[in-house]
Each structure stands twice: as structure tokens, then as C-alpha cells.
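Common to both upcoming complexes is subunit A, partnered first by subunit B, then by subunit C.
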Partner chain A sequence: MIGNYPLHLMILVLLWGYIYTSWSLMGRLGLVSFGHGAFMGIGAYTVVMLWNHFGWSPWAGALAALAFAAAVAILIGYPCFRFRIVGHYFALVTLALSEVARLVIVALRDQTGGSLGATPNSALHGGATAAPGALQFSDKQVWFWIVLAFWLAGLWVWRAVDRSMARLALQAISEEEEAAASIGIHVARAKLRITLISALMTCAGGVLYAQYQLYVNPDTVSGIGISLQMVFGAIAGGMFVMLGPTVGAAFTLLLAEGLRLAFGNRYPALDSTLYGAMLVLFIIYMPKGILGAALEALRARTARPIAPRKSSGMPSA
Partner chain B sequence: MQMLSLTKVCAGYSGFQALFEVSVEVEAGEAVAVIGPNGAGKTTLLRVISKLIGATSGEIRMEGASLARVPAHEVVSRGIAHVPENRRLFPRLTVEENLRMGAFPRAARKRYGERLEFVYGLFPRLEERRGQPAGTLSGGEQQMCAIGRALMSGPKLLLLDEPSAGLAPVVVQAIFDLVRRICAQGYTVLIVEQNIRQVLKVVGRAYLLEAGRIRLAGNSREFLDSQEIRKTYLGL
Partner chain C sequence: MEVFDIFLLEAILNGLLLGGLLALLSLGLNLIFGVIDVVWICYAELIMCGMYAVYYLHVQYHWPLLAAMAAAVVIVAVLGVILHQFVIRPVLGAEPINQLLVTGGVLFFLQAAATLAFGIEFRNLGVTLPSIRLGEMSFSAARLVAFCVALAGMLGMYLFLSRSYLGTAIRAISQDRAIMPLMGVSPARIFVLASALGGALAGLGACLLVLQYDVHPAIGLSFGPITFLICVMGGLGSMAGGFIAAFVFAQFISVGGFLFHLEWGYVLAFAFFIAMMFWRPQGILGRR
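Presenting the complex of A and B:
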């Protein structure tokens, strides 16, 4: 069996990989959200609050969290899509959303513990290692399998979306919204649908994160910092290829752990600052991300020998 | 039989009225042009028909049924296909994906294969370039692709917004030949153009739109003979 620390890192890579994949489902189709921290926060805090204050099992809590996230996604998404708030304006609206979520959590400090965060009451009594009803497991291996399953499910959704007409429709919308409407695409509905899928998946990620860490904090599960981390991770890894967001998760995690080992906690918000700076560099120099650029370079290398023959004939698919 | 009718339609953008009580009629099987200078409201006229903007007053009917409550994405299912100004292809999608998107409505998807064959028959050039991103086509090819995309929905009425804009003279000629062929196929066509001399050779009737108002209506012969048109628009 591998050690606890490497296992912990693998779990985090898969979990964040799943969350970044969820974000990219809409991000790659022109819906760049800076508000996904809100959905993650809703997932994390809803289960923990319902468990601590009302004794709801996290299974029921997760359903409540998903319903809550869906309501918020519709509340924000529908007006945006109906009134054609696109591009930068959409990003700004969602940016506000993630900050509102964080502020609400902090403001309800009597219930949520405010900025100190909250810990779900332990269900592991008398040396038990697993409490499935309370979704608490002290064995990291259990978490590895759970998170792996979610990650795989996320990739499956990605592929299902890719193969559907909805992907073409959303890509058409992101390129020429009006032309898309006039060929018969219900623009607002198409956008709302992918937003819902993405938001619900992210919310589920928040639930997993809370139950795995057994600690929630407004800054680590919501707010601008976490939203920016998702945008950065997905873009850095490559949001246009299926495994790109996962590569981005590994990259951001190594970066964060590296910074932590090098500087400890001496410079708060150093990671966020670095994400912001590197995001700019990635967008300028590597817009397709690490994996996207690598795959492109690989394709160029394998294609080169036959290129001269190709160019003499008609271009074909 | 009447295909499309606009009765006293007014429309505009916030704080600016572009169309004033415009009435236009198009019979089934007919090719009709709306001509006029830049900024006359020609593009707005087509956008109001395909519900991309709302009319502030007046009535639009397609085959007798009012379009007042029809949202933009359902206009195509009523048999109206819009080829927008500047073509508006989806540049990163391939030619064939663009055509596939033209058959997006459920009813059109069933006949995708047969219509694709029809469009490729009409534009063999598109078939040669089927796997290429639409943004890499030449101007004339892009126009073909835009018209092809519109035909994929199996429309009764085709709205063409300045198909000759921005094209080389020799290509303009080819595009007008194409419009003539499409009319000959039995499609009803409403075409907006600044290239008046050319378009009047293709259509049977025309309207002159100036500053948002219809100034003149008649058949193309009358237009070509009109002193006003000859002086102002044909430079004769």
C-alpha cells in the first residue's frame, strides 16, 4: 500500500480534476464562469450544516445541496441567457456570485462558524473507521475509490456532451449567437442546460470535498479565490481536451504544495497571486493549456513526414 | 398564394427607429428584392422577419399565420431561413458541421442525409472542402456555405442579406447566378441588396427602401425604367 501523503495527493488530484472537468464543460463552450466557487460552497456547507444542526444524513443533505445549487444556477443563468449577457459581462456577473456566497457564509457565523470554518460532527465512535450513513471514512483508500468513480463519471459526461448535438449547438452559439438562434437553436435553453450540468457536478464536488476533509472554510470552498483556481487550473491544463482539466489539477496541486513547502504560511494569498499572474501568461502564450499544447506538438511531429505529399493534392478531411 | 406579408411594420433599436410602417408582400414562388442605400433599414427588415428583433407595431404573417408570438429559434420551423449579413458562419466548425447545424430542428434532422446530398449537388465546391473549418474558406465559398446552411432546414422562404457584399466582381456574378438557380428550384426568395443592377436581373419585383420607408414598389422592368432609380442608383 502506498503512503498516506501520496494517496492524499492522488485523491486531491482526482477530486479537483473532477471539479475542473465540471467547470470546463461550460468554460470551453464560451461560458466562462468565475462563480463556480459558489456551487462548490453550496455543496460543502449545505451538507455540513444540515448534518450538524438537523442531523440530516449527508446523503439527504447532498440532495438538498443539489436542489439548492440548481435553484441558484437557474436564478443566475436564466436572466443572463435570456438578456444575452455574454463574454466579459457574464464573467462579471458570476464573479459577483462567488463572492456573495462567501460573504453569506461569513455573515451567518452563528450557524456556519464564519471565517473560522466548521467541522462536521464526527460519526466515527469507538474506533470505527467507516460510517457510510454519515459519509465519513477514516480510511483514505475508501475515498480514493469514491473520488475515482466521480472523476470517471465526469469524463463520461464530458464525452457524452461531446458526442451530442448540444456540443455543436453550444459551440455555434459561442461563435455566432444570432446565427445560432436563426437556425433554430433555443439559445437560452441550451446554455441553461449545460450550466445546470456543470453547476450540479461542481456542487457534488463540494460535498465530497467537505466529507473528505471533514472541515469546511468559506475561503477554501467558495469565494473568488477558489473560483479563480478553477478557471486557472482548467485553462492551464487545457480545457479543450478531455484530460486537460485533470492535468491542470495536478499542476495546481504541485504548485500549491511546492509553495507551501518552500514558504510555509509566511505569505498568505501567495498561491492566488501566482495563479492570477500565471493565468495571464497561459492565456497569452499557451491558450490551449499544457495538455492541449503537448498534444498539438505531438500531432505536428507525427504529421510532418507526410505533409509534403498532402499539400500537392486537394485538401481533404 | 401569399407566402409572407408585412403590414405597417415599425421597428428599431433602443432610442432609434429604423423602420416606419413598412408593408411588403411576397407571393409563393416569387423572387423579390428590397433595394436601397446603406442604412435604409434593409438588414433590420430581414431581422424583424426572423424575429431577431421585435416589431414595435404592425403585423408579420407567414403563410397566413402571425409571427407575433413566435420566438427567434422557432422561425426556421415555420419555413423561413435567414442568410445573415456577412454570412455569420461558425468559423471553427467544419463546412459539414455548419451544414449539419442548418438541419438542427428536430424535423429537419430526419432529412439531413438527403438535403446534404442536395446542397453538395448545388455546390460541389463545398463537398470538396467539407472537413475544413468554415473560417478558412474564401469569401465566395463562405457565401455558398451560408446559403447551403440555410437550405439544410428545407425552407420555403429564403431571406438573403446582401449576398454579394465584400466579394470580388467575378464572384459576385457567380453568386447571382446561384441565386437565380435557387429561385428556379422553386424557393421563394426575399433578397436585400445594394448591387441594384445585378439584383434586378434576378428578381421579378422590387421595393425601394429609403430612410426606413418604402418609397417605391413595382416589377423589375419598372424599376429599371424609373427615372429616379436610374439617376440615383444606377448613375445613368
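Presenting the complex of A and C:
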């Protein structure tokens, strides 16, 4: 069909697109979490550890990982929502969570391999290319279809949430929490539900990532680095539109690969430097992201004149 | 088992020394938050820039160490002003979460730019201070110096804020942002001043850290999270709360690390932070 390299890129775009979409389910409703690295890490490490040490099939391992992630999401989410921890307090509490996950993985180095990472024991014996029971496939095409299915399912969840009453409730909450509560919205429950959906989807993303790469490392599946990567990927693409997070994933990956092809490995951090600078510019001048801004420009061209802009409340220097 | 363990005492005292340093780091962040109402997620990356400044001026250009450190404080103060003018000011009227995120973008940028400019090698200043023995316990002099300088820095900041005219203006702005312009204080100018002060404190922290740790582009990640969490636990903007929280955190890290393993010390500290947030979301001495 097509070469392995383009296929690999497409798999990565879809996989990260799916994970960023999962994050945006919360992020766009004002629940900016810096803790999704924890859920991804739980997914990746639970499956690999149960397989390596206890011989659990990743299918069973994935169920265990999802249960674990759900427990953590409730343990952190419920008190946060009950005690009205919002805005950047919520962001910082979840940031602590993602560091806890990373540090626990590193601290359990006798089992997890610490910061060196871990490799799932191979189940592909004697030239076999697929071991469905162990969720290991050497053929990238199989992975393409698996990841595509998850990505589509992620978009379906997004649409289902978008069309539900829950979305309206959450939007009301994100604008004015007290007012939403006063008209009978159960704030904590509504938030907890979307948090659970988002955390479970991210955990599943972690499982897929571990099984596709066949390598896990605490820094690439958990911790602040990966949590910020999710937040910024979603923002760069545009977290308020359905395909925005996927556009963000494609954009960041193509930027990194493009610069790598252009300059080789001479400037190892050039892509992240440019990316960091662009993020700052995006958040200042284009907070709706690439796709969000593009759609808005398209709409402004074809439809009525733009409404007057809201003036900012703070005095400028 | 002995009732009184000398090594436990050593861990507690080391925690005390670490606490002073962490208190200094959180002071700058708290000042910025109290005055401008913005969290500089990239605060630890500014510290990293300061550490590189000391390293290059001293090792490559053979400046005397104290001159290099003084220059580093100035450089980071200037970086703080640049950060405020070009990154924070445009988003002052935006959603609070955007202000958090934009400094997160700066974090990415500074970390990657440092990798690009300086490579990923760990760089050591090459200055070793002796270790001090006290009975069976030993302490690094670098930590003791850091502790004393941090306390002096905090005292200086306290006197500046409580005694000087500008310090009074800064405290006034952090109490009521809306009314002060009517009293003839220009918030914009105070914001710039606070950014410079916050940057200078980060620079001072950098001078103390570079004596104890090798500098590398990701070093910010080992201090950054703990610094925000201290500020949040103490109550964002409350300098006294941050001071107390810094010592509590340092004990968790030091004693927890002594009893179990270094990472478990951090895990305990972070778990304690999360529990504290549920118990007192506004922080130890916070106001909401």
C-alpha cells in the first residue's frame, strides 16, 4: 500500500490526535488538566507490568488499567469538584498528580526499570507477525486500522457529548459556576462524568501507545512534559472544534519531522524551540488555535460582518 | 533500635537547609502572583538561565565568581521584565487560564532554546565548597551558604516591601488592583518593577543552586513543580504561607527520602500537597 514511514507518521497523528481529543473533552469546558500524563502512564505501565510480571494478556491488563485510571480520576476529581477547586488551582493540583505518577514509576525501578523504561516481552515467536492475544503486531497496517478506529470513536464521543444536555450544563458551569448550580445543575457530578470519560479515553491511548511502540518510559508516558504536550497540542490545533486537536497533532508532528528532514540531526531541539515560540504567539494572538482561527476566518468571509470585539478589562500599560 | 537516630537528625537539619532555599524560590513566584495575578510556570526556567549565566561568565569568560553571580541576577531580572512586557502584558485581560498557559509555552521555548544553544551536557561550575562536620553528621557548606543567603534575601525583600515607598505601592497594588490607579500609582509601572524583582530573586536562587547542582536544560523540571506547589499550598500570593510551606515540603523530601528513597520523598510531598488542597484549598494562609 504505502511505505512504512508515512504509515508510521499517520499512526502517530491519529494516536496523538485521539489523545489530544480526549484531553480537549475536558479542556474546552474550562477544566484545564495538567494531569493527563498520569492517566496515560497508568494505561501504558499497568498493561506492560501485568504482562511482563504476571503474564496477563494486555486485553485483561487494559481492563485493569481502565479500572485503575477510573479510581484515580474519582479520587482526584471528586474532592476537586466538591471543594470547588477551579481554574489554575485545578491545573496545579492535577500537575501534582502527573508528577506523582511519574515519580512512582521511577521509584518502583526494580519492577518498572525506572527511568530506563521497559519493553514488553515479545510474543512474536518464530517469525509470526501478529499475536492478537498479546496485542502485538509487527505489521503497521494492523496498527493503522486499530488507531483509526479509536480516533473515530474519540470523535464520536466528542459529538455525542456535544449534542447532550451534559455539554450545555458544563458550558454553563464553566461560565458561572454558582449560577449553574442555582438552576439545578449538579456541578460536581457533571464535571466528574466528563472527567471520567476523558481520563478513561486517555488511559486507553496509553495502552495503545505502549503496545505500538513496544517500549514505555516514565518521561514519555507520564509527568509534566507529556501533560503539557497534550495541553499545547490541543491548543495549537484548536480545542473548541472537533478536528482541532487532530490538526494540532498533525501540525506538531509535521513540524518536527519537516525540520528533521531539512536540517538532519544537527539542531536537535530546533523544532521544540520553534514550537515553543509559536505556542506563545498562538495563545496571545490566536487562542482558538489553527483550525479554530481558520474556520472563523472562513465564516467571517462568507457571512455577516463581525461583531464588535469585547474590550479587555485590565488597563494596559 | 535507638530512640535518637543521628542520621535522622541529619536528614531533618538538611531538610531545614533545603527549606530556606525553597522558600527563596517560592518568594519570587509569590511576589509575581500577588502583584500581577499571574503564575509564571516558566519560573524555574528563568532560574536555569541564571545558572547558565553564572556558568558561562565564570568558566568561559573567567569572571570572578561574585561578579558573575551579580551579573546573573541582573540578567534574570531583565529577562523577567522582557517576559512581562512581551508575553504577560498582551494577555493581562484574557482568561486567567491563558495566562497560565502562555508562560507554559515560554517554559517549552526556554528549555528547547537552552538545548539548542548549550547542548544537553550537564555542566559543573567546578567550585566545590567543603563539607562541615558536626559530630557524626556532615553538611555541605554550599547548602549552609544557600540557607543563609536565602534568609538574608527574604529579610531584604521583607524590609523593602514594608519600609520603602515603592514596596508600599507594591503591597497596595496586590491588595486592591482597581483602586490604586485612583491613588496615583501606575499599575503598569509597578508590574514591571515586580517582574524585575521576581526575576532578580530567581537570579539569586540560580546563584545558590549552581553551587550545588550541575546545570542542564531540563533542570527547571526538577525545581519548577515543587516551587509552584509550595506557593499554592502556602496560599498563592501569601509570602508567609509560602515560607511555612517551603519548610514543610523540604522536611517531606529530606526525611521521606532518608526513610525510604529520594523519589518516595517527593511522592509523599506531592501526595501531601493534594491532600492539603482538599483540606484547605485556599492554602495555609491564603485568602480567597
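Keep in mind that, in the parts below, the second predicted complex is superposed on the first by the 282 of 317 C-alpha atoms of A that agree within 3 Å, B and C clash if a C-alpha of one lies under 4 Å from a C-alpha of the other, contacts with A are read in each partner's own complex, and residues count from 1 in each chain.
Here is the rule we go by: a residue touches a chain if its C-beta (ideal position, glycine included) is under 8 Å from a C-beta of that chain, and two chains touch if they have at least 3 such contacts.
As the structure is a prediction and not an experimental result, all values here were calculated from the model.
In the superposition on chain A, A:156 makes contact with neither subunit B nor subunit C. Once the two structures are overlaid, the count of subunit A residues touched is higher for C than for its counterpart among subunit B and subunit C. In the superposed model, A:179 makes contact with subunit B only, not with subunit C. By the touch criterion defined above, A:5 reaches neither subunit B nor subunit C.
Residue contacts after overlaying the shared chain place A:187 against subunit B, while subunit C stays out of touching range. Shared-chain residue A:169: touches subunit B; no touch with subunit C.
When the two complexes are overlaid on their common chain A, residue A:145 makes contact with neither subunit B nor subunit C. In the superposition on chain A, subunit A positions 314-317 are in contact with subunit B in one complex as well as with subunit C in the other. Across the interface of their complex, subunit A is touched by residues 39, 87, 89-98, 100-102, 104-113, 115-116, 120, 181, 186-189, 191-192, 217, 221, 224-225, 228-229, 232, 236, 261, 263-264, 266-267, 270-271, 273-274, 277-278, 281 of subunit C. Interface residues of subunit A, counted against subunit C in their complex, comprise 30, 32, 76, 79-80, 83-85, 87-89, 91-93, 95-97, 99-100, 103-104, 106-107, 224-225, 228, 231-232, 235, 267-273, 275-277, 279-280, 282-285, 287, 312-317. Note for the complex: subunit A touches subunit B at residues 165, 168-169, 171-172, 175-176, 178-187, 314-317. Interface residues of subunit B, counted against subunit A in their complex, comprise 50, 52, 71-77, 81-82, 84, 88-94, 97, 100-102, 104-105, 108-109, 128-132, 149-150, 153.
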